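Just below sit the structures, each encoded as structure tokens.
One chain, chain A, links the two complexes that follow: it is found with chain B in the first and with chain C in the second.
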Partner chain A sequence: MRLLFEELKKLFTVKTIILLLLVSIIIYQMFIVFDFKHFPNGRPVLDEFLATQKMLEDYGESMDEDEFEDFKSIYDQRINEATQYLQSQDDMVAAGLDSYTKFKSIDLENEKLAALHNKVYHEDYVDVFWEIPAREDMIERYEHPERYIQQYGQINEKQKARIEELMKNGAATAIFSYQVFENYNTLIKNVAILIFLSIMLVILPLYIGDRRNHAVFLQYTSKVGRTLFTKKLLAGLIASFIVITVQLVCFFFLYKGNDISMFLPLTLHSIYNAFISWYDITFLQYILLTVVSIYLIGLALVLVTACISSIAPNYMTSVGLHVPLAFILFGVGTTYLVQNLTTLYLFKYLLPVLLAAILSLSFILFWWKYKREKWKDIT
Partner chain B sequence: MIKRLEFKKIITSPIVLGLFLLFLMYNLFLIYDKTPMKEDMNLLQPIIKENGTLMDADGRSGLQSSYEKELATWNKLAQTKTGDTYEAATDFYKPEHFHSLMEAKTYTDKELQAISTLALKETYFHTIDGIESQYNQLNMIKSAEEQIRVFGLGEGVAETVRTQYTQLDTRVKELITNKEHLHLFFHGKIYATHSFLFKTLFQSIIFQAMILIVLFTAFLVNYEFEQKTSLVAYSTKRGRHLVWDKLVVALLSSLVATFTLLGTTLLVYFLVFDYSGLWNVPISTGFLIELNEIPFISWWNFTFLEYLLLSCALLMICQVIFALLTFCLSMWIRNSYIVFTIFGVIFGAGVLLPGYIPKDNLLILYTHFSPFVLVMNVKKWWMESGAFTSFKHYEVITVSAWLIALLLIAWFSISRFTRENL
Partner chain C sequence: MLLVEEVTKNFGKFTALKKINIEFHNGVYGLLAPNGAGKTTLIKMLTTLLFPTSGTIRYEGHDIIKMDDKYRELIGYLPQEFGYYKNYSPTAYLLYLAALKGIDRKTAVARVKELLKIVALDHVATKKMKKFSGGMIQRVGIAQAMLNDPRILILDEPTAGLDPKERVRFRNLLTNLARDRIVILSTHIVSDVESIANEIIMIKNQEVLYKDTVINICRKIDGLVYETEVDYGDTEKFRSTYLTLSEKQETGKMHMRFLTTEDAKPEWKTVHPNLEDVFLYIYQDEVPSAGDDFDD
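Our next item is the complex of A and B:
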């Protein structure tokens, strides 16, 4: 136990913690903060998000025919408001734009009218004018649920059956927001990259340190010393568990600021979301799935990094070996194992199969190294 | 002798060679990925052979007459085959009849080849007018004002930006009188060769070379400390002098590594894509303009070849800067893996820094004069490159200032090291 604790202390030195902090700050500033600051990103995306939120408050998880009528009546109301606004503006009335219908069919080639159009949207930012197209789009999507299927283009029988099943089970009336999903999807990829990078930073010196100090020659002469190899691994696993957890806690704490808690219990399958999963899951379950996936990849990564650390003769080789590993893991790895999990586009059992393969491969790799380490000569 | 041994440390480490080959393979894959467009691209060469690259009134009428002649020939053929005549070669590809023609196999492969060549000629021909009007309307002062508004720049900064763009405006006028913009080149909107070569390839080479250089420089400088031989090696005067050898070897190896990586990649690129007849086309030609419609306004009248060579040289100098920076870091941090991470942090901070400076502070311009910002925008080297970096000597000032500063720091670190207690 004490050895384990000492090894942990060696992994979490002040230097390492400062390094982790610096790297985290840079990665957050470069890739993550943007999706917090600009959510929802621009207009009418913002208006669409607000309308969806209101929809959830008023109608609950789904919108039936009556509620849809109500939704449409709000739309008519907004058009009236827009007309009223136009009538209250002298320059608009003077240009003959005294109703929303006239304003909408404005001839943008005409410079004078285009300037007025621009004024409403980009100078005065009149909310209601942004809200109307957003609501229009939402109404259209509700009225044409078949577009939900069409967006998938070429699909095979199984995928088609899955979509039809979803439509039967209420996807056509369920409420969700594609922006919320896409936003999370982008965020979690970058957070996963940061987490994997942090694990590499912490675990990389695991075995090299003692080997470079020639402490191994002393340690391996005793029986207890030989157990150090596994003890160090255990320390590495605990350390990376701590790193992942701290990073995820920090991320979700910030993510709370996006104010999407009302979407958590909703099913992902809705005409208002472009993502389709093979499984019937809610947004919260999806988030948990990504978290589990990150922990499992983290576990595999510790094993691989530990292996590299025990093989590499020097830091240069060790860092160098991590370059292609990072390239694959941050690119392809996160695309298939952290983003769009269980998507309809890919093979249904891809996620569990891939995770199992990665985990068992890294276990085998480490086991091979462990066997050799046990009987290694120390001359 | 010592230098040779130091060099051997780098060249014999399998990881450096391994990574080098891996990077090279990746670059070759990038090029391979683009090979399908090669045949189409090279249809330009016969046009150039016929009319030259300059499309002024003479060149244009030459191109036009040859185009009209070929179209007439084609229409004669079409009339005998289907009874149709085409006003333009691209009309042939209209979906209404194109698919049925293809299914009926009305035309032989050779004839189809001819019409596609003709369609391309037509596209090049029609592009000229667009380029001419775009350049005549080009207003650098307006573009400066637009950027000042979008970025919300304060008065002091805005004044500097305006001065730069006034200079650019004279340059645009000169460019138009020189007819630099009217030279035929691979159509940017179709092939985007400039972005592929100077963004995709150069950018990836920059990062690859940087990784290699930081790795082996940090390794080399800290070799004695990591091998625990520092107490022996640095106990003599000659031993302390070792750092100088290490510095020279690190810089030379950086140059060698970058040169080989860049040279091999470019060699393959130009073997795959035939640039014959285009080496002397001005880099500011309007045909380079890509889908984003932003013209390339170089500060000097460079030909493509000059631009390429200058960019290669600048890239090598940037890598020297990175090697020097790593050297300085390694003199203070005696662990190569921490040096590697800190280098990454500095790079990121360098790129991010300008974003945190208030928009009315001149510092926002000064912070752009850093090699980190410089290497992120290879595509626009020596050119108008946005409000913050459009200075005539931006590239030269950046690299010389950083080179001098880093050389001084390196010299200071070494002289401190020669006196240090073991």
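Our next item is the complex of A and C:
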């Protein structure tokens, strides 16, 4: 215990902590804050999100035929409101735009009319005019559930069967928001990158430090001896667990600000979402899946980074060896292991198979290194 | 008793030590040899950092590699390159090493305090080692080697960087310690071991050349060491004829100490050889080469 604590202390030096903070702040500023600030991003996306929220409040998890009628009546109401607005505007009436129908069929070639059109949308930002196309789109999607299937283009029998099963089980009436899903997907990828980078920074000096400054001579000739090698790994694992947890807690704390808690218990499978999973999961379960995946990749990463740290002759080489690793991990790694998990596009068992493969490979790598370390000449 | 039996160490094709046999009992052993002779290699095998290519090392009859932590518990080691954390204080660092040595915290705290006093670092016990001088660091190293009150104390060039006053203190310390334990120290500085070592081990051509008391070793060249005075003009010629051991200027002449197997001339005065004479004699034809400075 004492040793573990001592090794942990060496991993979390003041310098390392400051470095971690700096890197986190930079990555948040460059890649993450944007998706918080601009969620939902623009219009009518925002209007669609608000309409979906209202939908959830009014109808619950799904929208049946009757509720859809109600949804449409709200749409009609909004059209009336738009018309009323137009009639209250002298310039609109003067231009002959005294109803929403007329306004909608404006000839945008006509400069004068185009200017008025622009005024409503981009100068006065009249909400109802943004809300109408959003709702229109939602109505259309409800009325044409087959588009849910069509968006997948070329699919094989199994994929087709999966979609049909989902349609039968209520995807056609289930409520969800693709923006919420997309937003989370983008965020979690960048957060995962930040987490993996943090792990690398923390674990990088694990062995190389004591080897470079010759403390290893004292360590390996003391009672604990070469078993310190595994103790250090354990310290590295604990350190990474702490790093992952702290990063995730910070992230989800900020994510709470997106105000999407009502989406958590919903199934992902809805005509209002573009993502299809092989498994019947809710949004919350999906989030947990990404979290589990991040922890597992983190574990594998510690093993690999530890190996590099024990092999590399100096810090430069170590950093050099991490570059391709980071390249793969931050690129395809996060794309397949953190984003769009269990997507219908890919092999059904891809995630568990990939994770198992990565974990066992890194375990084998570390085991090999550990065996060698035991009988190595320490020069 | 620590027993080195037929130990050979190769680094690839290069043989660093060949069929070494040494017996260590309680007392101070001085491992005396020039740079690159294999002192560190031998010491690293005694501390299990290196594994012999062939041969075994036994402590009380047990193979030290099989004894594993039971053996390491018994040793205290000061490496030639003493590794420390510059942001740690000596106290913090010694406590860390005590943890590695499996000494419980309470005992360690008291022991660290005591040791820092012994090596005269108690006044900087909680200062970061960043600003320490080489000699202070070396003393931290000496203290650390004694943390677990080792049965076998192994020191690789422990006096490097110590000032004369500290050297004396250190020698006295070792003499005291050696009463009931094995102390092995390597050095190429003769005066470090001459007065305190019970036995001197000299390595030449990868093999143990001598393992004996200082007196016995000096006896090997008894009657071959002389002193005489030479005119300044003749010093060059003198140097090339005889193996000069030391020289100093004295009242217009050069006072030479030298070694030769030739018959003595009347103006030569026979003197008692010392360990340094033996060292210079044995290693006279060893030309320092680039490789000799290569450590680990």
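Going forward, the second predicted complex is superposed on the first by the 376 of 379 C-alpha atoms of A that agree within 3 Å, B and C clash if a C-alpha of one lies under 4 Å from a C-alpha of the other, contacts with A are read in each partner's own complex, and residues count from 1 in each chain.
Rule of thumb we're sticking to: contacts are C-beta pairs under 8 Å (C-beta built on N, C-alpha and C of every residue); 3 or more make two chains touch, one makes a residue touch a chain.
It should be emphasised that the depicted structure is a prediction, and the values quoted were computed from it without experimental measurement.
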item: Partner chain(s) touched by A:His214 [first = chain B, second = chain C, both, neither]; value: both
item: Chain B versus chain C as contact partner of A:Leu22, first or second or both or neither; value: first
item: Touching partner for A:Ser222 - first (chain B), second (chain C), both, neither; value: second
item: Touching partner for A:Ser99 - first (chain B), second (chain C), both, neither; value: neither
item: Touching partner for A:Thr186 - first (chain B), second (chain C), both, neither; value: neither
item: Contacts of A:Thr343 with chain B and chain C, given as first, second, both or neither; value: neither
item: First (chain B), second (chain C), both or neither touched by A:Gly320; value: first
item: Set intersection of chain A contacts, chain C complex versus chain B complex; value: 213-214
item: Chain B-facing residues of chain A, complex; value: 15, 19, 22-23, 26-27, 29-30, 201, 204-205, 212-214, 314-321, 323-324
item: Residues on chain C engaged by chain A in the complex (per definition of touch); value: 44, 47-51, 68-69, 72-73, 75, 77, 79, 81-85, 87, 96-97, 99-102, 105, 144, 148, 296
item: Contacting residues of chain B [partner chain A, same complex]; value: 13-16, 18-19, 22, 211, 215-216, 218-219, 226, 228, 335-338, 340-342, 344-345, 348-349, 351-352
item: Parts of chain A lying in touch with chain C, wherever the complex brings them together; value: 2-3, 6, 10, 13, 210, 213-225, 228, 375, 377-379
